[in-house]
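The first chain written gets the first letter, and so on, giving A, B, C, D and E; residue counts start at 1 in each chain.
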C-alpha cells in the first residue's frame, strides 16, 4: 500500500467554477397537511452528519477472534451492482454456485450490509453513490474490488468518466482480477476475504476513518458537484 | 430506394444522396428543410419509426452533421437525413413534438456535443454526466486520454521499451541512425 | 383466474425431492474450457520481443520490459511483454496477433490479492501456477490478424529473360507495394540487423501513406546506394522480420526499390538535400565501390572535400563489376553514383593507385585516406588442371562481360561453387550461350547440399528456370583435359561432410559416387581476395594484418592514424555491409578531422 | 372495488412537454428515489418518483451511472481495437454489439464473410437471446417477490454460459465475433451438448410456465398493468417484444433478414395487449422460437469451411470514407450500430442504438404515471431494459 | 391462583428452547425453500453466526429515542407473547404465565410488536420505512380481522378465554382438534396466519424489490440483532397459539417441535411459489376470502 499523501499535495485538478446548489437541495418552507409550516434544509435533514470514528478492537483477543470469525462467516453483501461485474453475482447466489452455503448473503440496504462489492468500473456519478452507500455501512465493513477496472482502470483506462484506482477513494481489502471474474473466482475471493477477516486484518473502516481527509480530498477531486456532507455515517 | 429519393427530390431541394444498400439511403438536407422533409416522410411515406438521432463532429470543416434515421416498418427500409449545422453556433430546431422520444436524443446531443435544441423538454437537465465542467466530451477537440490522465490516478511504476530503440542501445549504442 | 392457476404453482415443490444442481466444490471442480481465455502464458524462448502485442492492446496493458537472462540479439529485442491485469480485458488480440505464436492463454482464471500492485507479471518469466496448463486459448489455425503471404513480385518468364540481360523483376506497382507495406507490423527488429541500420519501419510507413519523397529522404539518410540495395541487397533484415516466423517476411528490399522507382530521378538531390558548408579538409578514398562512395557521400555532406580514385572505367566497384546487369541495371547504379557526385564528390575513374598516384602521395596530399578496394581477385581450387587457360575465375569473367569485352563463350561450361557469384556467372554465361549458341549448357557444382546452400533460394530457383543444371554436394576433384589439350569437363565426388568435428573446413568425399560434368570450360567461383599490392611495400609492412585482411578497429581505422579501411576488403563481400562500413568510417573520420580543428 | 379508487382530479395538470408542476412544499407529495442502490432496479440506474399516496404522479429516469463513453473511446481505437470494447455495452446480451459492429465494419470495408461464420454468428445470437430472456424471467418474477423462478432461470442460463464458454472461450464477454468472421469453429461434440442444454432449458421453461405463468397471484399483478397501447408504439419508438406483445408483428429477423435468418423457419411471436403479462408471455414463447432456431442451425449449418476471412494487417487497417447503419433484432428490440468512417484507421463516429434508449427513458416515464409504487419495479423489468445501452 | 416465582426460571428455559429451536427452524425453512430453487442453502447454524455478527458490529447509530425503542418493543412483543401462552400442555414447567384470560392478552401482544416497530421505523426518517409501516399496519390490521373472528368463534365454541382450557378441550385424539370440530374457523385463522408471516403473497411490507425491506431498512448492528432474535421467537410464539387453539396443543417437546414445524411449513409452502400481492390487493383478498369464512365460522357455532 502506497503511503497516504496529504490532501492537496497531488492536486492536479484544474480550477473549476463553483456549481450552484441544486434547487431541490436548497432550504425551503414546507406546509404539512395539517397546516403547520416547517423549514426543511435538505442538506442537513436528509443526512446524518457526524465525523467518522476509529473503532479499535475493544475486547480481549479471544473475544475479538470469535467476533472476527463470526464476521467472516457471515458476509452480507450490499445489493448494489455498480458495474457490469454484477451480472456474475447472480449465478453466484443461485443454484449453480450457491454462495449461501458459505454464509454469504445479499442485503438490500447498506445499513445491514458488511461487504461492498465494487463490481467493476465506477463512473463518477456512481462513485458518489458508492461513497454514500459505503459510509452508511457499519464498522467493520469490507470492500472487494472486482475486475481489472478497479485495479488500474481496466479497459476504461482512458475514459473521462470512470475512476481508475479504487483504492484512492475507498479502502479496499481485496481485488479479484478478471474481466469479468467468474463466479468461481469471486467465491475464491470471498473465501480469501474470510481469511483476512479472521486474521484481524479487515480494518478498512478504521483505515478510512484514520485517513479520512486524504480520501475526501481524492473523492472531491473527481466529484464536482459535491452537494452532500463530507460524511454521513 | 431510388423511387423514394426521386420523389423526395421533386418536392424538396436535396443535397447529396448516398444509396448505401437497397434498404438504406442517406440524404443531405438543409437545416430549415429538415422539419418539412421528415414530416413528409413520416406522414406520407410511412417512415413512422425514428430509429436514432445523433451527431458527427466534422471539426475540420467546422460543422456538425446531425443524422436523423427514420424507418418504414411496412416496407422495411430506412432513410438517413443528414443535416449540417455550424459548429460554433450549434442550434437546431427540435422534433420532440413529432416523436416524444426524440427529446431524449436531443438531451444527449445537448450534453455530449453541446448542440442546443431550444424548447425541447428538460434540455438543460443533466442527462448522463454529473457535475461536468469541461467541453462536451463527444466533441472531437475533447481529448479523453489527456483528461483521464489529468483527473484520475493511474497506478505508477509502469515503463515500456521500444524494441528498436532498446536494440540500438544494447547492440550498437552510439552509432548513427 | 382458474383453480389451475392456484394449484399449478405448487408443482414447484417437486424440486424438493430432486438433488440440488449446485456444484459441490466450485473452486476445484470447474476448470476453464479447452478454449478458455484465462491468464497468459508466454514461451519466452519463442518470443522475439517484437512488441506487436503491445501495439494491438487497446487497454495499454502490455509493456515491453527487459528480462534477466534474455539477451538482446539479432531478431530478438530481449524484451518480453509484461501484462498489467489491472488493465487487461482478456480479448486475446495479443495472442491472435503474436508473430511467433509464443503468447497463449491458459484456462486458469483465479487471481486474488489484497495488494493492487501485484497484478503485473511477465508471462513465462515470473512463474505462475498456470505456466504448465495444457488447456486454454491458442490462436486457431488460419486465424490471422496479419496476412502471412507476401505479395508476389512479378518477373519476366524464363523463356523471355534468358536471351538478354534485361532486369528480371518488374518491381511492385503502387497498389502491390502498399499492400505489401501494410503487412509490416512496424516492430523495428530489422533495424538492428540491417548493417546500415536503415529506418525500415519508417520508410515502409511512407509507402502506406503514399509519401514517397519522405521515404526517399529516409532512405538516403542511411544508404546512398538505395537503388542498388533495393535490388541486390542481401536483405538480412528479412531474415529477422517478425512476420517471417509464421509467414513470408516483408519484402523490405523490394519496397525500398519501390520508393526509389516512384520518385523522379531529377528530384533526388533536392529531396536528399545539399551538403553543408565546406570545412576545408581533404579526404581521399581509394576505390569507388559502395563502401568508398558511401563514406565519400557522408563526408561530402559534412562539408569535406572528397576525391575518389577508381582504377576501372566506371564507379561502382563490385556492384558494377560483380553483379550482372539483369539483377542490377547499370542505370540504377549510375543514378546512385550521380547522386553521390551531386554532393560534390570528385570521382576519378581510370586512376589506379600505383603508378601516377601512390599511397605515399595520398598521405601527403590529403588529411585522411580511406582504402576500400574490395575483393577483386578470384580464388582458385588448385585441383589438377585448374591452371589450364580454359579454367577461368568468375570475377574476371563477370568484369569482362560488364566492360563489354568479347569473350569466348563455350557451348558447355561447368561452374565450381555454390554462392551467389557462381549463380551470377552461370546465369550470365547462360544468357550469352543463348544469344550465341541458341541454347543453354551450364552446369553448377556446389560443395554444399541444397539445405545448406549459400546462394539465395530465389537465385537457385531462377537458375533452374533458366535451364541451368545444379548439382549439390559435389566436391571438385579434377579438371579433365583431353589429349589435344581441350578441357572436356570436371570430375566430382559426392561430399559426405564439409567441416570436421571442430568446425574446420575439411571436406570428406564418397569416392564411389563419382561424376563427370561435361563442359569445355570450367569456371571457379569459390571466393575472392583483395588486391592489396597497390598499398606498396612500405605501407604493407607498417599495417597490421589478420589472415590477409587489414586489421581495423570498430570504426574502420587502421594502425596508421591517417588511414582507414572499409568494405569487402575488411569485412568480406556484402553490399549493405560495405555501406554500413562507409558510414562508420565517415563518422570516425569526421570526428578525427573535427578534433584536429579544435586542437 | 370502488373503495380503493383514487381521485385523480386532484393531480396537477400536465404541461405541454408532459412534465408536471408539482409543489413539493404542499406536503401532498413525496419524492422517492428508486436506485441506483435498489434491488428493484434493472442494472444501475434510478427512477425519481413523485408519489401521492401509493400512486406515482411523475417518474423521471436518471441514467449515466454506467457511462464509460464508449463512443468516444472508440474514436481513438483502431477498428480491431474497438472489437473487444463493444461487447461491454450490453452485459446480458453482449454478442449483439459484436455482430452489429462487425457487420458495419465489414460493409464499409467491403469484406466478404465466409458462409459458416454467418451460421455460427446466428447460433451465438440465438444463444445470447435465450440467456437474455432467462435473465429477464428471473428479474420479472423477482420483481414480484417470486425468487424461485430466478433460481431456475439463472441456472439454465448458466448451463448456456457453459456452452458459450466451450465455444468462445469466455462466459460473459465472448469477444468471438470479430470483423471478418468468427474466431473459430464449433468444438467437438458441441451439438450433442447443446441439445442437452436445450432440453434443460425446455424443462425449466415448462416449470416456469407452471409456476409463474399459470399463477393466480402473478396474473393478478400483471394482467392489464403497464399497458403499451398501439398508439404509443411509433411516437415512443417501441420495438421488439414490447411492440410485438401489442400485436405489431415486426421482427427485424423477418423483415430485413440478416445473417442466415432467411434460411431458417420461424414466425415472429406476437400478443394482443402489451401488458406486463403478455410481454412476459411473448418472451417465453420467443425462447421456444430460439430453441427451435438453434436446433435448425445446428442441423443445417455447413460442417466445414473457413470461419474467418483474410483480414488486412489490422495494425494498419484503414477503411474508406462512408457511413452505414446495421440493425438486428435482439431480445429487447431493435439494436443498431451507426458507423461513420473518414478514411483513417479509426472510426469517425460510432453511435449505438440500444432498444432500452427509448424504452427506459421516454416510454417508462410515460407508463409509470399513475402506476402503483409496488408495480414500478415490475413495470420497469417488464420493458426489459439494460441501462448500459442507454448511456454507453 | 397465586404467582409462583419458580415460573420465572422455567419461563426463561422455555424461552431458551424456543430461541434455539427458532434459529434452527428458520434456517431449516430457508434450506427447504432453497431446495425448491435447486440449491443447498445456508448452513443450518448460519443464523447463530449472523446473530453473533450483528451483535458484534462495532458501530451503531440512532435516529432518536423511538428508533432505539422500536426493536425493543418488537422483541417485547415476541417474548411477551411467548410468555403468556402455555407452550407444553399439561406441563407445570412449561405453561409459562398463562392464566384465564390469556387469549386476549396474546392477541394484544401480536399487535403490540408491530405497533412498536411502526413507531421506531417511523423515527428513522427513511421514506421506505414510512411506506413499509403504513403498508404493514394496514395489512396487519386486515389480517388480524379473520383471526379475531376465528378466535371469537372458538371462544364461543369452547366457552372460555383461557388457552390452556381450549387445549384441554381438544385432548383425546386428533379428531377433537378444532381443525376438525370447527374447520371454517381454522381456515380463516390459517389465512390470517399466512398474512402475518411476512412471506409471499403477503410480504408487501418488506418487499425488497419495491421498498428495500420496508420498516427495518435503517436498522443495523445490535438493533437488527434484536429484531432477528424477535424474528425467531415471534413466529414460534404465534404458531404456539395457533397450535394450542386449533391443532390440539403439544403435550411434550417432540410433539411441539413437529407441530410447530408443520404449521410453519404451511406459510413456506405457499410463500415459495407465489408472488406478492400489492397492499390493496391483499386487503381485498382478506376481505373477500378470509373475513367471510371467519364470519361463517362464528355463525356455524
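The criterion applied here is as follows: a residue touches a chain if its C-beta (ideal position, glycine included) is under 8 Å from a C-beta of that chain, and two chains touch if they have at least 3 such contacts.
Here the structure is a predicted model, which means the values were calculated and not measured.
Q: How many links in the shortest chain of touching chains run from subunit B to subunit E?
A: 2
Q: Please name the chain that ends up farthest from subunit E once chain centres are defined by their CA atoms averaged.
A: Measuring from the centre of subunit E, the most distant chain centre belongs to C.
Q: Computing the C-alpha centre of each chain, which chain sits at the greatest distance from subunit D?
A: Between subunit D and every other chain, the largest centroid distance is to C.
Q: Name the chain with the Cα centroid closest to the overall protein Cα centroid.
A: Of all chains shown, the one whose C-alpha centroid lies nearest the global centroid is D.
Q: Please work out which of B-C and A-D is bridged by more C-beta pairs in contact, and write that pair.
A: Per the contact counts, A-D leads.
Q: Round to the nearest whole Å and give the separation of the Cα centres of subunit A and subunit E.
A: About 36 Å separates the centre of subunit A from that of subunit E.
Q: Once you find the CA centre of subunit C and the CA centre of subunit E, what distance in Å lies between them?
A: 89
Q: How far is the middle of subunit A from the middle of subunit C, if each middle is the mean of its Cα atoms, in Å?
A: Centre separation, subunit A to subunit C: 60 Å.
Q: Using the touch definition from the top, which residues of subunit E touch two or more other chains?
A: 34, 36-40, 208, 212, 272-274
Q: Show the residues in subunit D shared as contacts by 2 or more other chains, in ascending order.
A: In subunit D, 31, 38-39, 64, 67, 69, 72-73, 76, 84-85, 148, 151-152, 155, 173, 211, 215-216, 220 touch at least two other chains.
Q: Which residues belonging to subunit C are in contact with no fewer than two other chains?
A: In subunit C, the residues touching two or more other chains are 9, 12, 15, 20-22, 58, 84, 86, 89-90, 116-117.
Q: Can you identify all of the chain pairs that touch?
A: A-B, A-C, A-D, A-E, B-C, B-D, C-D, C-E, D-E
Q: Given the complex with subunit D, which residues does subunit E contribute to the contact?
A: By the definition above, subunit E touches subunit D via 33, 36-39, 127-128, 131, 200-201, 203-204, 207-212, 272-281, 284.
Q: Okay, in this complex, where on subunit C does subunit A touch?
A: Residue positions touching the partner: 20-23, 26-27, 30, 58-60, 84-90, 109-117, 119.
Q: Which residues of subunit D touch subunit E in their complex?
A: 1, 4, 30-32, 38-40, 54, 141-148, 151-152, 155, 211, 215-218, 220-221, 372-378
Q: Please output the residues of subunit A touching subunit C within their complex, sorted ascending.
A: Listed in rising order, the residues are 1-2, 95-98, 101, 145, 148-149, 151-155, 157-158, 165-167, 172-179, 181-185, 187-189, 191-192, 196.
Q: Help me check something: in the complex, which residues belonging to subunit D touch subunit B?
A: Residue list for subunit D touching subunit B: 17-19, 63-64, 67, 69, 71-73, 75-76, 107, 234-237, 239, 248, 250, 255-256, 322-325, 327, 334, 336, 338, 340, 348-349, 351, 353, 357-358, 361-363, 366, 391.
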